[in-house]
Amino acid sequence: MHRKLALAAIAMLCTGILALPAQGGGAVSIKAVWMEYDARFNTFWQQLKQDFEKTSPGITVDTVVVPWSEGHDRLVTWIAGNQAPDIAIVGTRWILEFNKMGVVEPVDTLFPKAFLAKFIGPALEARISGRLYGVPVALSARSLYYRTDLIKTPPQTWQDLLTVAQQANKPPDVYGIGVSGKKFAELTEYVYYLYGNGGDFFVINADGGYGKCRVNDAAGVEALQFMVDLANKYKVTEPNVGENDRGTLQDLFLAGKLAMIETGPWFGGMVQERAKNLQFAVAPMPHNQGKKQQTLLVTDSIIVFKSSKHKDAVVKFLQFAYDDPRRLEFDKDFGMLPTETSVSQNSFFQTAFYKPFIQQLPTAKPWPLMAEWSKVEDVMWNAVTAALLRAKAPQQALTDACREIDQARGVK
Amino acid sequence: MDHHGAAIAVPLPAVRRRRTLARQWRALLRNGGGWVLSTLALFALLFPVLVMLSTSLKTLNGVYHAPPTWVPAPITLQNFADIWAKYPLATYMRNSLVIGIGATALNLVAAIPAGYAVARLRFRGRQSFMLLLLLIQMFSPVIVLIPLFKIMAWLHWLDTYWSLIVTGTVFTLAFSIWMLASYFRTIPAEIEEAALVDGCTRGQTILRIALPIAAPGVVTTIIYVFITVWNEFIFALTFISRTEMRTLTVGLYTFIGRWAVQWHYLMAAALVGVIPVVILFMLVERHLVRGLALGAVK
Amino acid sequence: MRRVAVAAPARVIGAQERLAYLLLAPALLLIAALIFYPVSSTIATAFFATDKLGRLTSFAGWANFGALGADPAFWQIFRRTFLWTAIAVTVKTIAGMAFALLLNLPFHGRRVVRMLTVIPWALPFPISAMIWQWTYNSEFGLLNHFLSQTGLWPHPPAWLAQPTTAFAANLAVDIWIGLPFFALVFLAGLQAISPEFYEAAEIDGAGPLSTFVSVTLPVLRPVIVMASLLSVIWTFNDFSVPYIITKGGPINTTDILVTHLYKTAFQFLDFGPASAIAVITFATLLVFSLLYARLYFREVE
């Protein structure tokens, strides 16, 4: 019995080792790294690959799907090891970093004008000094989700938000609104309050570049103070803000424990899938009274690497990939907003659910685009959490953060 | 069950009778005490595993319940059927098995002679060698990732089992050489010397005499290497980019999406992933004690 | 424990050495092929300024180390890593020994118990960390639910929400993951102890405790010394647990050197300082190992 087992193991090992991936003989092969949005993602891109290869003999697409949470770091490793793919999906805010490495090819000269003219303005975020470095693939804006059985009229201002949250807050059954204090891939709630208070992260220099950090000004401090008050003074948030990130806040809403949550369009599909009985609606992100309504806009882009030897094939592939029915399928599957004018006119997006998202797009503001953003984000997270946990007063936390950020960026 | 009695030297009759009685009492106490203690210890140790089991039997809607429940309502086995049918878990498992078995085999091939040399032979640089083994462990895989990746690219080993078999082997050598050496060291030199005098070669002595006696050490090594390689994450994620070459550990990440974790699938898949390791452990576990039957070791 | 002397006459030492090097060859080859370049490139990078891809741009001398030394946050993390390692390894060693003794008792069903004990180790570390994070959650987690329902701890804290409890919670997971390794290694060690030793102790009328102290511990000493040394190295570099469960937070209070290193390298793309942290980690562990190894070699020589 043992000998058999050992033999089986050896046989398995041999077949395994011999089954090395075969190289496509002579044909053009492009390698595409897709960051996995959710478990359906792989199927979508495999289907695209098959359809494309059927219509384009001579070109094969090597599809690599990476978990989103690991995607950035793996891409860095592959680039550093001179194994950059031909194209990859990236968070648009990462492009600055990759551009600084000198590995990203501008797409504005690579693609025909007609192709790039398809996209709506806000989607074309990846502009650096007048050049476009990424083809938009996913677009989202953040909005307020609220429970229609608990809240009749959605809040428009922070003052409304507080009132509504206080009315809906019935701990420990339901908490008014979710606030997260655990580090996450992006600086969730604080940026919504900052932008909704007319604040910003950096002073914009005369040349359009980013100057000193300014979150410690009145608008920035007021935004953080409001969050801290929601959690600690009015106690209308979930009690343990330190343990939650956007993911667990969404879980709390799904469990019926939150009356309001601020997140992106993908969450609508999740509620329908995971908590069928929950009655909810979406409203534009609340803003401070007297300030302009403004929310966060986030895009992902497809970048083309300079090292790619088959840019013609890449262009052909992406033009194939960006036909309207397929884009609509992508937006539906992954809960994204349309990036093309033609797709945005589809009846799918003309619903009460999508209206607040699309209506906010013209004024919505993206993240700052800078190579040091991941450092800035890390420092900002620490400041927000420190204030929420009462380790520091908001003013102090943000002043310290600005000092650290300016120092790291070498700005005086 | 194993029987320690086999190896015990025969004591005097009077002592023996007294001890038989005592032993019966003790057996009862041991069984009872063993069970009580084991239950308590295992409950503490397996608490998260119970959480996994409970969650893996929940529906997607059932996962989002606060306060949580231990017993799902309704209980479903659908998750196990789903993960098996919808995701290439079988492929992931095969890849992990090939890599795990390959690395274990390669590790033993390198570690048995090295362990024997360290334990039995005198040579210059012995302490340095032992220290070198420790040095390997001191650099976290996290920092050597990029240079190692470059080596793999240079060898054209990316997207092959080799990349993970070889790294898995090297990063487990320290423990296995030490473990085997400490067992070889306990074998009385006379046994081996007798074999050498009888005309056995050094190789035969190692394989026929030393290795069987060191069986518990070999078994511990096998378990350690296999589990470590089976669970390895960061190399598998970096060196392998094709879906069909993914290992199970990386495959589990499919259920950790950008916006939400599919807890019901993740926990079901993780439980399924434990099964091969448990089977391996059951196959080799009794050899943990076999060394004793062959000769009591001083 | 009787020392085994391999009675090798002086004149055959040459042949013995040759045989030894031959036997070591496979292991040495593997190590040389895979470790030499990564380690030397890490050490080199620590003394250079790099671009965002880790390519060396200019010699920096000790500047990377100087910058770390001047950073109070770094020293805090450095001290925390010591605390983390000391607590985790101590608990793992003691609890691992307790488990091994339990698993060595000849009771019916112990094979099943042994099998179940391995499970925490058989789960991939990042997945274990994810599961624990869910288990610790104050709303969804079954841990606090269990503690309050059974009355063991009516109002347990939200473990991951505050720095101190989050640190303790991370430690518990590291210990949980590492415990089966110790239990197994100690069990294998216990199996190697001849029953004659226990017979002798029993005839001498020694109780269980004095048997443990006078028989078990001395025999297991080399095993304990080496397993805990390896565990110190592994625990010092345990990346998955704090990185996944709390992302080093709240406010970097659960960051240890290796998570700090990872963030510096892959998030901030500062490969020079990251390599410097790796070298500091290496130097620290080397000094510790050398001190500890003297103890170890004294045992086995």
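Order of writing sets the chain letters: A, B and C. Residues in each chain are counted from 1.
Basically, a contact is a pair of C-beta atoms (placed from the backbone, for glycine too) under 8 Å apart; a residue touches a chain by one contact, two chains touch by 3 or more.
Because the structure is predicted, anything quoted here is derived from the model rather than measured.
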What are the chains that chain A and chain C both touch?
B
Busiest interface, counting C-beta pairs, is B-C
Chain A and chain C, separation of their C-alpha mean positions in angstrom:
36
Determine the centre-to-centre distance between chain A and chain B, using the mean Cα coordinates as centres, and give it in whole Å.
39
Rounded to the nearest Å, the gap separating the Cα centres of chain B and chain C is 16
Return the residues of chain A touching two or more other chains; collapse runs of consecutive numbers into ranges.
77, 80, 251-252, 255, 257
Where does chain B touch two or more other chains at once, residue-wise?
64-66, 146, 150, 253, 256, 261
Pull out every residue in chain C that's touching 2 or more other chains.
54, 139-140
Given the complex, residues on chain C that touch chain B span 1-2, 4-8, 13, 16-17, 19-24, 26-28, 30-31, 33-35, 37-39, 41-42, 54, 98-99, 102, 105-111, 113-128, 130-132, 134-135, 139-143, 145-146, 176, 179, 181, 184-185, 187-188, 191-196, 199, 203, 222-223, 226, 229-230, 233-234, 237, 239-240, 258, 261-262, 265, 274-275, 278, 281-282, 285-286, 289-290, 293, 297, 300
Touching residues on chain A, where the partner in the complex is chain C:
72-73, 76-77, 79-80, 97, 100-101, 181-184, 238-243, 248, 251-252, 255, 257, 371-372, 374-375, 378, 381-382, 385-386, 389, 391
For the complex, give me every residue of chain B touching chain C.
1-2, 4, 7-9, 11, 15, 27, 30-31, 33-35, 37-38, 41-42, 45-52, 54-55, 64-68, 70, 106, 109-111, 113-114, 116-117, 120-124, 126-127, 129-132, 134-140, 142-144, 146-148, 150-151, 166-167, 169-170, 173-175, 177-179, 182-183, 185-189, 193, 202, 216-217, 219-220, 223-224, 227, 230-231, 233-234, 248-249, 252-253, 256, 261, 263, 266-267, 270, 273-274, 277-278, 281-282, 285-286, 288-289, 291-292, 296-298
What residues of chain C sit close enough to touch chain A in their complex?
51-55, 136-140, 158-163, 166, 246-252, 263, 266-269
Within their complex, state which residues of chain A touch chain B.
5, 9-10, 12-13, 16-17, 20-21, 33, 35-39, 42, 62-70, 74, 77-78, 80-83, 247, 250-252, 254-257, 264, 266-267, 270, 273-276, 335
